[in-house]
Structure formats: structure tokens, C-alpha cells
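Same chain, two partners: chain A is paired with chain B first, then with chain C.
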Partner chain A sequence: MTTRSGDRRFLAQFKDANVIRLIFVTIIVFVIMSLLRPQLFLTARNFRSMGYQLAELGFYSMAMMMTMVSGGIDLSIIAISNFSGIAAAFILRAAALNGAAGFTLLLYGLLAVGVALLIGILCGLLNGLIISRLRIPAMLVTLGTMNLFTGLAIILTKGKSVSGFPSQVLYLGNNTLLGLPIPLWFLIGGLIVTSILLERTSYGFELKFVGQNPIASLFTGMNNEKILAKTYVYSGILSAIVGLIVLTRTNSAKADFGQNYLFQAILCSVLGATNPDGGYGKVTCLTLALISLQFLSSGFNMLRLGGYHKEFAWGVLLLAVLTYNFIRERRMQRTGAARAKS
Partner chain B sequence: MKKIVELKNVVKTFSGAVALDGMNLTIYEREIRCLIGENGCGKSTMIKGISGYHKFDSGELIINGKHYQNITPREAMDEGIQVIYQDFALFPNMTVAENIMMIDSTTQNRRLVNWKKMKEEARRTLERIKFDIDVDKYVADLNVAEKQMVAISRAIAQEAKLLIMDEPTSALTNAEVEKLFDVVRELKKNGVSVLFVTHKLDEVIRVSDSITVMRNGKNVYESNENTLSKEDMIYYMTGKRLSEQRSEDVKREGVPVLEVRNYNLDGAFKNVNFSLYKGEILGISGLMGCGKDRLAKALFGIEPASSGEVLINGKPIGLIRRVQDALDHNIGYVPEDRLTEGLHMDHTIADNAIARIIKQLRGKYSLLSKEVVRDKQDETLSMVRITGLRRDNPVRTLSGGNQQKVVLVKWLAANPDILILNAPTVGVDVGAKSEIHDIVRDLAKRGVSTIVISDDIPEVVQVCQRVLIMENGEIASEHLVKDITIEQLEAMISGKNKMVDAQ
Partner chain C sequence: MKKLLKSNELVLVGIILILWVAFGLVNPNILSISNVFSITRASIVTATFALAAMLVMIVGGVDISFLAIGSFAMYVVVKYFVEMQLLGASMAVIFLAAIAVGIVLHLINWFFIDRLSLPIFIVTVGTQSLYKGYLLAFVGTSYITRLPDSLRALATRYVASVTDQNGITYNLHILVLVVAVMYVLVHLLLTYTTLGRHAYAIGADATAAKRAGINISKTRFLIFVIAGAIAGIAGMFHGTLNRTAVPADIVGGELAVIAAVFLGGGASKRARGSVLGTALGVFLLALISNNLILLGIPSYWQQAVTGTIIIIGIVLQSLRGATQLGKKGASS
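Coming up: the complex of A and B.
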């Protein structure tokens, strides 16, 4: 066997047609926006602000991608992150009221993070168990739990936002480290972890198999239930992390924060070549899709597109991507299916 | 005599794989022609070509004197060509009358249904084949033979001139086969031609007026008489004089590797008892629906039995309740339907090959290394010969036989002690079939104990050393393969003359 160097492996993925296509999309969007609003778009300030926003959509899109690879979907991501964010917010507000500082504040902080993550895990586990054990479609289950978690959050807060945290909390969400916004560092870490999970663990390998054909996976001796449960737990953890990031960025937590992200996360995941029928997903593609969507979104703001126009644009884009994928898939299957039939 | 269908030098390929390679066929008016050939010889492709579902690449198709370049299913039906597939394509949620008259009422674009007239016409059609059944019965409540009669009636109701029947006897008992033959002869009297596709040679001798034998996509024998001997049929079908290759018998001594006691599952099988010894290849055969398929699934924990006991190397382990139980005792299972159960069609050949053992490849920090995975994939795939192998192509691009080898290899990689093969060579071409048989024999020599579930009798005789015959969910008899012939086994399974004990 010849040894394959790391460089070549890195380059190899650019042979993937999806990656090349997405690089083109990203460049085209970038060029168009730069030409339309050069004085606003091509500024350091704009890029920094995009960096802050990227993290939230990025984590949501990862959660969406993972559940889509498993052949499902998670509509409860926003609800989970608001719910866990609110729990953390209560703890941090208590810290501020008690005037905690130094080591005590750190303990409060760790507790807040721990509770938020635990809520994310439990919510994900609930989704995963219902989907895998009762075999109810993920779309219905997570639509139900979305309302359940949002409802719980509203009851806990009586619909008001929770705020008033120690000032140190805000620092995390609104400052840079080595020139990059701190939330962006979290996102980079999250992308690396997700990529390792998908490409380098037996869990990721089996996830793609279960997503493509759960029956054949069962006959191959894979534990479908466990794999699905793990996936929704991971989705819950990613959502809880967004809850914490939002908290540090906006200095508040609210039961109905960021509803628009749900649609954008689906869009980003599908644009990033994830197969919504399950079986395929790639972090490189997702990252490129994320960047091009962020360019678009910032561009829309600079073009002073109103909220309704933006929704309209996102909707058109999602349908266009799905249609494109459908046509491409069908063309590929025509050549393949004929062979399989003989 | 008038020709109804004529095929001249017809060729059909699927992305390079040749299915029909210069096939010729003539079917005359009022004849019962038998078409025989092994699995994968192109019979189904040809039928689908005549009935308009496939387009032939080249050659001539002449129906009732008319040349067709590109016949549609609709045109084929209008020419009176009707195909009865193995699954009959009936609507189980509708009555006999509705099924028979369905096409009639839908194609005439009538919005209202005249129930009385419909039932009358259905009854009249049933009379033409002398079949008596209540037309208000739901098709779901009929047995296989009755469903077949309904399918035939539906074809007649549409003025069939040629009835093509694809393996019509595979699920029938002997008495039912006799009845079918009477119907076929009755049809002939009514002026309908029948193309009877089968691989059961006794039936060919009994029912046919004329014979066509196919091999590798073309007719290798065609006669307007029924004079071919069984030995010659086999010769034309396989291209070899049958030197009956069989597995060497093994000693059945000591503690069985697997012992199944009083295995029961309501509505599937009852009181199943058998043992499997080290290195043995045990066949389980029987008619469709005899319970062999569900027994296999129960032994792998897919659809667990409700009571009974399993012993592995003499140790009782109770029931196999989940797939994990089977895996814990190193039992492997190659499923019947490789498209839905056996393979992940969109994933690569290489990934499919190691899907079973991926967990064993974990290294440092429980991570997979690309090199280790790749080497294992190559090692695994080298265990069999897969023609046109491109390891990183989707497994869907392979032919049936090669796909089946990938399923096999996936389990071989896991070194099972016990391997259950459910219909291992269905839809596999002749060459791949004998390779798969060689692999199974080779495994047995290396000490793997194998159960082969199959209704392909020649296969059972060639591969297995011992065979259990199942009937209505029970094991009806047990035979050592060295003591019986293919014909005897076929007779026993179709219930003609039960031999008390061949041992």
C-alpha cells in the first residue's frame, strides 16, 4: 500500500462534485454582494458582524444535518435552545442578584452551562426515544415536542424575557479572541467535532447506513434505535449550545427567540448537499452553504430588504435547491436503476 | 398456422450488461408453448419487452403481423397480450368481480359503475375457465391458487389472445397444478395461446405443445413439438451435461452447533425441531408460504418465535428475541431480498462490504483510520470475485449476482459460526450462482455451519448434505441428499408421493 499524505487527503475532497458546486455558489454570492454594495459589504465591520451571527445558524444547521442524515428531521431545535437558554438564564440572574464574583461566579457559570446541556440532552433523548421506539415520523414527533418545549419555556417565564446577568457573561458573546468573534471559535470547534463524528467514528458510518435504509441496517445487525437516539441527543446538545450563545450575545433569554432560524437551518442543510431522505451529509459542504447563506443574509440587509421580502427569498431559494437536487438525483438514478434491474 | 408473436434477433442491454443477445421466438395461434431457462437467462426481460415495459435495443417484434418498433403497454394489451406475473398484481381490497372487470370499467372512462352488469360479466368470464367462486369475495381472502384464477379471468375479460404466465406453479400444490393445467387446456380450446414460463421440467413435458429453451439471453433450442427429453432440457438450459455436483457428506457427531427445540410462532410455524452440526450445510425447502422464510427470520431475531428453545453448542440460550441475540452467538443472515434487506444501494461497494464489522475497525480513541478502513475493505472484497468491481461506486451499479456476492462478503468478513442463507441465488445469473455455491461449500469445509433456505431444488441437492421439507409450518420430513434425486425431492415438495423416510 502507498501511504497517502494528509495534503492529498485534504485535496481529495475538492474532487467531490458537491464541494466544487458549493464553492462556486459561495464565490458568486460574494461577488454579487460586493458589486451591489461595495462600501458596506467589503468592510471589516461587516465581516465581524457576520462572524457573530454565523455561530447560531451554524449550530442549528449542524443539528438539522445530523438528523437529516439519519433519515429524519428535528423541528424542535429552536424550542430546545430557548428552553435550555432560559434555564441557564435563571441561574445567571440568581448569580447577579447574589452579587457573585470570582470563583463563585465561575461555579454559577458552570452550573448554568451544565443545566443547559442537560436539558438539551434530555429533550433530544425524548425525541430520539419516541422516534426510534414508537416509529412515529420524526417530522411529527419534533413538531409535537417543539410545542411542548416552547410551552414549558413560556410557562416558566410567563412569556417575558429573562435578563440581568453578570457583565462577564456578555463579554463572551461580544468580544473577539485572536481577531475572531468568540462565538465563531465555538462554531469552528462544533464543526470539527461534527466532522469527526460523521467521518471518523463507527457511529457516523452507521448513521449514514441507517439513514439510507433502516431495514437493511437491521438485517446487517446495526442497532437502529441506539443510533437514532444518539443523533437526537446530539441535536439537543447543539441546540442547547445555541441557547447559551444567544444568552451571551443578547443578554437575555426568551421563549420565542429566533423562530426564523428553523427555516434557515433546513435551507442551509439542504443547500449543503445533505440528503433530506437520509444517508448523506458532509461538514465541508454544510460550512460552505452556511457561509454563502450568511453572505446573502447580510446582503439582503444592506439592500434594505424588508422582513417579508427576505422570507419570500428564502422560500424561493429552498424550493429551487430541492428541485435542482430532485432533477439531478433522477438523472443519476436513470443510469443506475437500469443496471440494477438487469 | 397463424403467428401471434414473432421475435427476430432481439437484443437488450442494461448499461452494458447484456440481457437479451439475439433472441428468436415464435408463438402460434392456439398453442401452449413452454419457455424454459435458468434464473437470469433473460426470460423476464423478454416478457417485459413483449408487453411493452422494456424497449428492445434492436431486432424485430411482430405482433399479429404488425411490426412494432417501440410498443407501449397499452398497445400490447390492445393486441391481446396479457401477462400474469408471480404476484398477480391484483387489488386485495377489492372483490373478485371488481378485479376482473377493473380495466374494463376504468378504460372506458365511465364515471358510474353498473354493479349488476359488472358482476354478471365477471361470472360469465369465470365460467369460461370453469372456475366457481363467489364474485363478492374480497381478493385478500383468497388462497394463492384462487387468486391466480382471478388473474387469469381478468386477462380473459380483456380478450386475451396470448397469455404469458411467469412461473405460475411455484406456489401451488400438486392438485392445484393439475387444475391450472386443465384451465390452460380450456383456454387453448377457446382460441387463446399460452406462453408458459417455468423451470420445472416435468410440467413442461406434461402441458406443452412446443418448447423454447433460453440460455444467456438467446434461444438455444426451439421446436414445435414436445419431444425433448428431460436430460436434453437440462443440457440446453445449462450448457453442460449434468455431472451432478454435490457437497461431500459430513459426519454428524458430538454436540450440534445449533439445536432448535419446539420452535413456534403462531400463523408461521409450529413444533420445529432440528439440529445443525459443525461444517454441515442443511437445506430447508418447501412451497411458498410453508413457513421456511419466517423460520429463518425468527432464527435471526427479526421476527422472533413465541415459544421454544435454542441451544448453541449444547448450551440453552432460550429464544432468539432480537437481532443482537443472534449476533451475540455469531449467527449471520443473508436475507432474501437484497434490494431492500441486504444492501444499502446508494452506498459504495466498499462501504457495504465492511458494514457489519465497522465497529471492529476502531482504533485509537475509538476513531476510524482511513487507511485501516480502506485496507480492510480491499481485503474483504478480495474474498470473492466481483466482475467489473469499482470499489467506490454505489453497489446499485452492480448486477444481481455481484450484488449478492457483496451481501455474502459482508457476512463472511464477520466470521460467523452459523450462517443462514435465505434464497441465496434468486435472480442471480448462472455463472454467479455456481460461484456462490462454491463459496458456501468452501465455508462449510472451513467449519462454518450453514442453513440454506431455498425452493430451488437443484440448488438444494447440489449444495446441501441434508434437507428438511416444510409443509404448513411444520417439518414434514428429513432426508440425506446423497440418498435422493432432484426428481424425488421435487415430487415430495409438491406433495405427489410422500416417501416415508428416505434415510
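Coming up: the complex of A and C.
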């Protein structure tokens, strides 16, 4: 479309406008929710429980953001995380059955984490190689691999859930460290790493370049295939981490866990100013989007309105922010044109 | 162009035939007419929704909201007719109401996509959440088991039946024929009308289409009207065949329908979504999901096999150079 290059220039020019806008959105949601239910919303307990819920959507949205910045998308994130979570679950269940404790348990734990991450890497690599080598659109490829990975997870478990881990595993997912839930610490770590990757490394620069204009990046001597492959591997790793977090939080792993997260992650990532056509993404914006979505959903819980109101509100919020962006962009173009005339 | 179109569908026909014969060698029942009846019966709803998804894909984007639209239209309309004690309402009136709701909801999508020049994919991710949330939060969550009489009658209207050696009767549902007629009509529309040719032109290259003087806004408007109507009809088919109106029970299964459209050539630049290809894609996926059990393969293998077939189909398309949707498969 003709507006797309305009979009991109706009986004590049007003990077900080995105952050400011999202801070406003977050504050507005926060204020509304606090006013509606102050005695419940503004409690430490509520914020802690939000922390537990935030981690999963947060990692998924990060994976989505990275692949979107590259100009693609990853629909297989949920499948990868369930697949790797299940692999880890088998190892941990074996640990519990063998009555492992102390050092042996630690070894089992490390093995479980290692295997989960390895599966994440391999799944991501498969995505990345098909997308970059065969030049097939990411959406088609990851739609196929989504079914494949979920299918493999179903075969492994015969469709049942895997549970019964050592109690230490559960501790990680359900306790706090320095006042914050442990999964939230993982999320904070993930956000910092992703931010550094995106803003401070040559890979991040190349990733945005490839996402913005793959032909230009090729002519400047970048290895597009390698950059894309890396991105999908990273997405696979992030997904595998969710698999592990889910395992520690729910004490089970299942092939069809969390299917709803897929579209929510897309929604969150786009709300966080990620350009779905590639080239722009910012961890600060993503974090703010994540927080405002979580405020909305916790607020609705407090109001004793279920998940349906939440889904409705999330959809409205996304469309409202997109509409606002559009109006703002048009106003900028108009003032620009007026200035050019005079 | 014609050649490409044909060859992609030939590949699909080839895959279907190979699978079918292979399945048939293991279990001859799969080749029987009764099995064809049950496969077609099982794919009525998917096939209709696939048509709606395909139309939007032709004008250049992946729609995520069609199941939410279909569910919304079906539930709202059934609830209205049941609560107003209009159980005797004629089928035409009920379907027209669902079509109207479907069109309105899809035009809301069109508004954001066209007037605000936002990507189809992103807008429909938002509206899917919005429509589903609205339906369940504000319209209702209860199941309606007492459908209007005309729908109850439609649920068991058959045009042909076959009894196999075990004495089980298999029926060819009338809606299978209705769906077939819809496919033919959409095919004629896309191939022989200006609207159809314009739609393909926009999907292939919107800028070029604009330069050539095609009214993108108007073409998309009409395509969204048709897709919305079809989504409404598909929702009614789902409720009718289920014999219960359940709000938003199918929402979340969008990607399975989209996979069928992709398999049918929805990914290729020149023939983004052909009607025959879509029909074949739906049939291929239904063939796998309905027959693995007859082959003695445990049902938990189904999704892995489906995934493999999708990947093979897409890779075959790309190897023949037909996949040109570019890196931007996710958007616009």
C-alpha cells in the first residue's frame, strides 16, 4: 500500500511519541481501574497476582514482536512452548518417581531446562530455515509447524496431561523473591535481554534493517537468511521458557495449553507499537502495552466481570489505539503539507 | 496464469488421490460412497467459512474474524427468534437476518481497513476479540437447544442415502449441495465479473491496481459484504447442524480454516485463493482428519499428520515458484 512507507517514516521519526502515548494509555487504564475498585485494585496482593499472570503473555509477546520486526510472524509459539514443556515434564516426573533429592534433583532440573531449550532452538531453527531458505511467508510456514509441533506433543502424551513433579519445581512458579513473584523476575530478565539485543547489538540493527527493507539489507552485505534464522531461534527459546514457567506454575504440562495466548500475543505486540510489516519494535512500548492489558484484565476480575469483558475491552483498546495513531498521523501529514506550502 | 492456477490444483488433486488410494488399500471402506458422504457432511461448515476467508485473502489479507462474525450472527439471530416466540419463522427470514448481521460486522472491519488504511490481519485480530467478547459478555452465554422449527427440519434434510453392508445408513446432507452451489457462484463471480477481476488485481498489487484506475475502496467494500454474508450463512449452518446455538464455540479455530485456504493456493501471488483450490484444501484436510481412525491410526496422530501435509503442500507450492506473497504474509 502507498501509505506503508509513510507509516514507517512516521514511526521512525516519533519513536518516543509511541512511548509517551502508551504511558498515557497505561495511566488512564490504571486510574479508571483504581477509581472503580480502590479497595481491591490498589493492594499489594493484587499486584503480586498480576505478576504471576504477566510472565506467560509477556514472553509470548516478546517472541511475536521479534518475528514481526523481522517482517514475519510466528504462529507456532504456543506449540513450541507446550512441546518443550512436555519434554521437560517427562524428565521432572522421572525425577519425582526416582525420589531424586539434592544434587541429583538439581541435575534432573538442569537436564529438563536444557532439553526444553534445545527443543525450542530446534523448532525455531526449522521455522527459520524454511522461511529464509525457501522464502515462504512466515505465516504459512509457522501455521504448518504449529500443527506439527502440537501434533508431536500430543503423540508424546497421547493427549493427556503430564504432572507429578518434585515439590521444589512448584516452589519456583508460586513464590516470591524480594517481594516479586519469581516468574516476574524471569520476565524482567527476558525483557532486558531482548531490549539489549534489539537496541545495543549489531544483530538488532540488522534485524530492523531486514524487516524494513530486505532488498536494501541484502545489498549492504547483510546475511538475511542468517538474521531471520536467528530471530526464529530466539522466538523458539522464548517460547520454551514459557513452557518451563507454565510447568512450574501449574504443576502440569499439556499439549493444548494456552491456545488463547496466540492472538493475545499478536494483539499485545501490535498495541506495543510493533510494526507488523517489520522494521520497528521497542521493548519499552511492549512492556507498557503488557502492563495496560494486565491492568484491564485484573480490573475486570475485581469488578467480578469475567474474561469475556476482558476480551471485549482488549479488542476495543487495540482498535482505539490504532485509530488514534491514524488520526495523529494524518494531522502530522496535514501540518507538514501546510508548512511546505507556505 | 491459467497454467499456474491449474498446476497448483493438480498437485492438490494428486495428493488427495494418492492419499485416498493409499488409505483405500489399507481399509477399502474409505473408498466407499458412504465415506464420501460423511466427509462432505463433516466439512460443510469449514467449507463455507473457508469461502469467506478466501475472499478476503484475495483482496490482500488474512482475516481472523470470520468465525467470530459467523458465531455472532448465528447466536444473535437464533436468540432473537427464540425469545420473540417466532419459532415458526421461515428459513429465508432467519438466514437473511444472519446475513445482515454478518455483513454489518464485516463492514466494521472494512471501515478500519479501508478508511484508516490498517492491515486486515491486525484489525481482524482486534475485532475477533471484540466480537467474541461482546457476544459472550453482553448477549449471552447460555446454550439454546430449542431452535426454530425450520432450522430443526433443515438439520435432517437429506437428498440421497446409502446403506452399507453393516446396515448403517449414510445420508448426503442437502447443505452439501448448497455449499457446492455457493462455490460455483463465487467462482463465477471471481472469474467472469469486473468485481472479481478487480479483487484479484488488488490482491496481486494494490498500487498497480490503483494506477490502473480500479476503485480499491469500492471493490473491497463489495468483497467484504459478500464475505460477511457468507460468514453469516456459515454460522447458521454450524448452529443448524449442531442443533444447538452455542455462542462463540468455534472461535479460536480460525487457523485450521485458513490452513485449508493456504493449501488451496491462497499463498500464491497470482492466484491468491482459487475457489477450486480452496474446495480441494478443505477436502484434503477433512480426508485426513476423518480417516486416520479408519486406518487404525490412533486419533492423537491426527494433528501431526495434518501439520506435515500443510508443510508439504506449502513447500510444493513454493518450489514451483507460485508462492510470492512475499515476506509480508502477516499483514495487509
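Please note the rule applied: the second predicted complex is superposed on the first by the 290 of 342 C-alpha atoms of A that agree within 3 Å, B and C clash if a C-alpha of one lies under 4 Å from a C-alpha of the other, contacts with A are read in each partner's own complex, and residues count from 1 in each chain.
The rule is simple: a residue touches a chain if its C-beta (ideal position, glycine included) is under 8 Å from a C-beta of that chain, and two chains touch if they have at least 3 such contacts.
Nothing here was measured: the structure is a model prediction, and the numbers come from that model.
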Per-residue contact with chain A, leading partner among chain C and chain B: C
Touched partner set for A:R304, first chain B, second chain C, both or neither: neither
Touching partner for A:R45 - first (chain B), second (chain C), both, neither: neither
Contacts of A:T201 with chain B and chain C, given as first, second, both or neither: first
Which superposed partner A:K158 touches (first chain B, second chain C, both, neither): second
Contacts of A:R331 with chain B and chain C, given as first, second, both or neither: neither
Contacts of A:F219 with chain B and chain C, given as first, second, both or neither: first
On chain A, the residue positions that both chain B and chain C contact, one per complex: 1, 3-4
Contact set on chain B toward chain A in their complex: 13-17, 19, 45, 300, 302, 323-324, 326-327, 333, 335, 339-347, 351, 355-356, 358-359, 361-362, 366-368, 370-371, 375, 394, 396-400, 403, 410
Touch list for chain A against partner chain C, complex: 1-4, 68, 71-73, 75, 130, 134-141, 143-152, 154-155, 158-159, 214, 259-260, 263-264, 266-267, 270, 276-278, 305-306, 308-316, 318-319, 322-323, 326
Residues on chain A engaged by chain B in the complex (per definition of touch): 1, 3-4, 9, 196, 200-202, 205-206, 208-209, 212-213, 215-223, 279-280, 335-342
Complex interface listing, chain C residues touching chain A: 62, 64, 112, 116-119, 121-123, 125-138, 141, 206-207, 210, 252, 255, 258-259, 262, 267, 298-308, 310-311, 314-315, 318-319, 323, 325-332
